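Sending over a structure as structure tokens; questions will come in a sec.
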Amino acid sequence: MEKFDKLIESKSYTNRSEAFRDLIRQELIQKQWQSGQEVAGAIILIYDHHKRELVNKLMDIQHEFGGMIISSQHVHLDHNNCLEIIAVKGSPKEAQKLADSLKSVKGVKHGTLSMSTTGKEIE
Amino acid sequence: MEKFDKLIESKSYTNRSEAFRDLIRQELIQKQWQSGQEVAGAIILIYDHHKRELVNKLMDIQHEFGGMIISSQHVHLDHNNCLEIIAVKGSPKEAQKLADSLKSVKGVKHGTLSMSTTGKEIE
Amino acid sequence: MEKFDKLIESKSYTNRSEAFRDLIRQELIQKQWQSGQEVAGAIILIYDHHKRELVNKLMDIQHEFGGMIISSQHVHLDHNNCLEIIAVKGSPKEAQKLADSLKSVKGVKHGTLSMSTTGKEIE
Amino acid sequence: MEKFDKLIESKSYTNRSEAFRDLIRQELIQKQWQSGQEVAGAIILIYDHHKRELVNKLMDIQHEFGGMIISSQHVHLDHNNCLEIIAVKGSPKEAQKLADSLKSVKGVKHGTLSMSTTGKEIE
């Protein structure tokens, strides 16, 4: 319990019940991703846009999985590095597959899949 | 005046003063773009991502003008066509130059520059 | 023709044929918007987020027209002003109606609808 | 090693060296976040936009932390639920603080901070 209180403090939760709520939701969302029901999330990629083939491959993969991609946000971090954030909605398996395909493209410096929810079954 | 009232109706303005306000603002914004003070806006592009050189050129141009691009939004309209919306802030001349450069890339189907404002001198 | 050549120069077109191409496409897109076939575009809004009712109204209107909105991009221009760019796809009439509704919300400093295309019937 | 090979398979890595590379980068990025150097990332939020105070609070918090927010992407998942993805760049501590502040707003259904990198010290 002491450990939990420390966590609460470090995360700027104002009280225990809020922290509990957060843990329970995290659990719920994990279940949604395992059960295969419709989920939402974001894929975050960092890459150097000077690697030409990379840019084209990323775009081809995205158009392949077109149905589940809502839109993507692109930020030019500096002269070389790009931050791309792809909003997805659909099957968890497909989302994972899309994320893995994008991450494994040669030249991608970092890639993560942030698993979230469509919000439908969460109060 | 009759003509103006028709415009009001067609544009779902609820009354004349609102329509006047709109016209005056449009005038103000045009002046901001002519005077060279800092402006904001959006460049909208439609292109076929299968044209490889195009995608790379668009990205190179954007990184060249990096300072004035805030971020861009990318939508996969269908298996071929992309909608890209680039949010810009800076000098009107540079914004126009960036828009013209992007539009003139071979393979861009349509490009427009939507001139807006940073909102600073508008009530 | 001289006037046209000046336009070409000012817009950084490299030659006449490119400028002609641009004019013809502009014509085509205008026709798509008039004929009522599916189009794409962007609505650009500038507003002060401190006007609370405004923010909620803008969101309500967007959820009402949910079907035609793909996603929106939000930029905090300064402590007061927001730039919001809404990507739309659907009927031209609905797009115009959505743009007019958003623009006429009290407190919106500037709003424009940038008419573009889904790219489908354009080479 | 067997366990590692299973991981490789499940994540669609094509070989071991690629999987190692991924692990090492994950380590590097974690160090960047701990050391306090400039990082990039994304905050993903799910909420019901009908809770009026929530929408305004989220916007206020974002304008407070304005300097580190590049732009955000907003998706209307259904008539009630919104997916908002905020691209951030700056100090890891500030990013964590911003994420915690947003997540703890009453009515936010789910919030995550996806830690990534500016790409500068990663090959």
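Order as written gives the chain letters A, B, C and D; numbering starts at 1 within each chain.
Definition applied: a contact is a pair of C-beta atoms (placed from the backbone, for glycine too) under 8 Å apart; a residue touches a chain by one contact, two chains touch by 3 or more.
What you see is a predicted model, and the numbers here were worked out from it, not measured in a lab.
The chain pair B-D and the chain pair A-D differ in C-beta contact count, and the higher one is A-D. Taken over every residue number at the interface, the positions common to chain A and chain B amount to over half, indicating a same-residue contact. The geometric centre of chain A is 29 Å away from that of chain B, both derived from CA atoms. Centre to centre, using the average C-alpha position, chain A and chain D are separated by 7 Å. For chain A, residues that reach two or more other chains under the stated contact definition are 70-73, 75, 78, 80, 82, 87. Touching chain A in their complex are the following residues of chain D: 11-14, 18, 22, 25-26, 29, 40-42, 44, 46-48, 70-73, 75, 77-78, 80-83, 85, 87, 89, 97, 100-101, 103-104, 109-110, 112, 114-120, 122-123.
The part of chain D that touches chain B in the complex is made up of residues 70-71, 73, 87. Listed in rising order, the residues of chain A touching chain B in the complex are 49, 52, 55-56, 59-60, 62-63, 66, 69, 71-76, 78-80, 82.
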